[in-house]
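Letters A, B, C and D name the chains as they come in the text, with residue numbers starting at 1 for each one.
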């Protein structure tokens, strides 16, 4: 099931250590201007090796477009983007087919695919599979921007360090997109970086929370009953490896709120209906109400750590110690920030097209 | 978009005050034994009017099967279940088309459907639309049980009152399914009930958290990349009105965990690979690992409250006070418990069928 | 797989001798005027027992709408239509589970569903399952007519008798819709009727060809590569039991044509680009070119005949004679005419919605 | 809509004169042996320039696999195959955006995509887009062969020349696959070739009929109601450019048959239920009955011809003469033969997987 979407359909392919990763994006309306440079810039933000908080794997991740664009515009045909894999060290992964790494898909993939899956580098479960998500999402983001919609994410929390929730989108675009920890507040960013480097020193890793905001959407986006905004976005967001929680607006805090506190009261400003608060996160009955969409996702600490772990030799069905050597990120939150922006863009464009609102 | 599913497809229809609500369920394998009584029992748990913590709307919610079953077994054709609507008071809802209720879909539906939607009783956004979800889910649950899989949910939190997380499934089945607040611990249930009645007295409402556990699943359920267990279940769960957050396993707590804490170490017990902890919630790389699936959803406080609220007269574009008279639940968490069980069952059966594992 | 469609989705249910047959139709835009009377009129055309060329099974086929319409307009929610089954004689069908009727689905259904299918009256393979197709199609037809599009079918051939191809749509609407053999030419209709009654007298049946024309479509309907007009329409048309061939425009005659004969030359009339001939049947590259869509389907002779046939007792795996007693049509072409109109309408509305052209 | 399939999903991309054409094939079960050489061989059969009955465009059509195979076996991940475009002459096509070629998609594509489509070489409407169909189909064919299923097509008719219908599959594999006109009978092949060369000399083209046979299928393949074998195969077949008719078994001949002639009588041979005749083409009620599937498709004469044609200058809306210079096939039937085999294989594998029969 490597295809997702109603009208704007994304089909992904590839594996970490195969020849390439990429995607085919279908349903982008003919005539929408798409800059390949801008897609490349989002890929560069996702790319490892750019700072000491990420894995030292060095890849240019150079995007090649095989179809669907002509003279800078979508042709109406499917758009194919490919990134070749280069800096791969596959041998180290052979052992994980027999002794699976805790927190990784080694065990479940071996069982599901009877050992025939491409296990090298995590195969199709690798974080590298978020490259196609970024390609699809960057195309969608450009289409959305042509309608005045902006989608921006930032690191809200890394380990014990919290940033302020719901910063203005221009702050995210100006600060967070340049921060090596994806944070919109430079002073908090320093603390987050220290938190990551602490974990790195211990041979350990840390998790975090990413917040994403989408503004400028018209009222009426969302296709109930089953394709509510929350359903479509969470479906896509939970495809990102390492996401373990998703909440919209007040999220889990609604559990402790009274109806009178949680209900967003309507008011009129500049001839438009808006709400005083935004506990709904911009979505009522699964449909956008014109307020910004606000959502947060919990990102687990990278499962690849330097510390010795306990696992099982599947051939002998015996418990054993496991030490993982190789390159890994002490925290993947910063690199996941553009991925979250991307899948939210993909989902919103699809919903707008399905609703006849693009 | 009233259809969901890959192989086990659910199509829902109806509105709160129309002639009926119901669903067509496709893909149930021929020969699976389905008891209509057991579907009815789940519907009865969802039904209002059964205790003083729920709305006094009185409906028998009597299920009629129009197709797909013969002599107590699925025929392989689509199964249709219908519940007629009876106790409806529609007039009161006319006003909400002009002055939308905060926290409800009145505003977004009016904008999206240009006023043509059936607004009576919340129409297709009514909690009554969870009846079809329960029908589909109860059929799925019976299919799953025939393979030794059990799905059970309970009220983990209501307002300020927490129950213990992750109770044994038999406790849920024995205690929570009979509790009028859906709680597996009788002493906590009393406190939860008091919390609800407190809110009721104030003309207010409270939210909560529902936890759902699925045990007995084989390793290998889940269809990456896009149809991971988390993606499919969250897609369905976010269709339930009032859900604002979903987390699996350690959920949002992963943000503060180190990799060494969060990774579930593998071990062998009785010739099976299991994990020492279950922070993953039974899902690795989007695929079941044989441990119980554990998930939690945040339920917002019922938006219909007795207190005066602020809204906007959409015709005159003027702010106005709004008082909602009529019947409503001070807390919908208890009634949502069987709905959560149901959609989790629907999603898991679909994933098993899609993976050739049923 | 009882659901079909991209945006305008039809889900059917029921069986010949179960409680009811019906469908859920999703995606009809809110606000489209839908007359239930007009759906009923199309159902009446499909209904048996109305003349001596059809089966004497007497059913009112009274349509009940359970959802999706309010004050004569689509609400944007899914529309459910149900027809209860009444005049059923089920016992006679028990034997066909053991000794399958040639030309029917008895054998394949028994094998596929391991005997659990509803075999009574042909179950879900019955011609009665075209009732939901007519409901869905009549709704679609009304939506199309609101945009000036007309869809009309007629009996082009019954047995050895041919009518003239491609008559004007008003002739079909005026004459063929009232003819008991579905023919647009009254003098040919008499010959067709005689052909059917001849077969009836012999305890036999005859087949035929139905032609369907759709006019008034804009240029640009059709979603290549895979959802060409021909692909979508043939997918739906081949769902109608008894269809064994489908051709568009010149159809199978293209095999003997030169390119210079088959190519439709472009010209300009009244400021519009049209073609001199219409060998393409209104579709170029899978996309409508503004000329009428013209298609023909081959309908096999009713497999239920009075003559003794050879079959196999599946329990004993022995060959045996089979005599079918019961009610059947000597020719189903006339009753299939409104069904062909219906599924063509369903497919065209779906394509228009998917292409953003409605 | 460049994706098709339920479980075995094919997503195609590319255009005639863009960088490449290709496809992503999802759902091939892990562990199935796939020879890239055999895919290449099918591509070579489709390739032009191999004889004087086809276009002189010279392309190696060398297949590159980007994902999904490891050590000769499917990994369970999506399989991506790409063929780079080389021998392109684009300039000649600029004119067709203004003066569309009769019988081509120039006019409909320009209208649908507002001129933004890639018009060079026919773009995504080019016969070159059948390369991805052959890649997907050759993978499917190898999967089917591992279960003893064989799919084979041949030229039944070219222009006025008919071959014998329904030849033994080994004859097709041995003779037709090596014939430059795709014919299973060498003496008829000579006449067919003469027919094509006659048309070529006149600057004209001829059409034909391709017949395809699939043997070895189990009983029970096909997913009624909407995904009957005929529906799924015709959906795919009508995606092939130039197909204007499709029939199964007796096809259009059923119109003149009596029920007693058309019904295939059941009998027992070697402990298996078979039918005496095969007018149903192996499909009853949309489900395979164990007899060979037999279908025929009508292929129109190549629309690109050397003769002067009449068209319209779309900018000036004036009629004008059109002469097409460039390379084209006087008959595409031979090159379409492996394409028909391919899409039939794709559809059958998908149906087997969806029915849990692979």
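The rule is simple: a residue touches a chain if its C-beta (ideal position, glycine included) is under 8 Å from a C-beta of that chain, and two chains touch if they have at least 3 such contacts.
Quantities reported herein were computed from a predicted structural model and do not represent experimental measurements.
Relative to the C-alpha centre of subunit C, the farthest chain centre belongs to A.
Set side by side, the interfaces A-B and A-D show unequal numbers of C-beta pairs in contact, with more at A-B. Annotation: 26 Å between the Cα-based centres of subunit A and subunit B. We define each chain's centre as the mean of its Cα atoms; on that basis subunit A and subunit D are separated by 39 Å. In subunit C, the residues touching two or more other chains are 1-3, 6, 12, 112, 124, 354. Of all residues in subunit D, only 1-4, 6, 12, 100, 102-105, 107-109, 111-112, 124-125, 129, 157-160, 199, 202, 204-209, 219-220, 222-228, 230-232, 234-236, 238-239, 241, 243-268, 271, 273, 275-276, 279-281, 284-289, 298-305, 307, 309-312, 314, 317-319, 354-355 touch subunit C in the complex they form.
Listed in rising order, the residues of subunit B touching subunit D in the complex are 6-7, 353-354, 356.
Across the interface of their complex, subunit D is touched by residues 1-3, 9, 11-15, 18-22, 24, 26-27, 30-31, 64-68, 70, 73-80, 82, 112-114, 116-118, 123-124 of subunit A.
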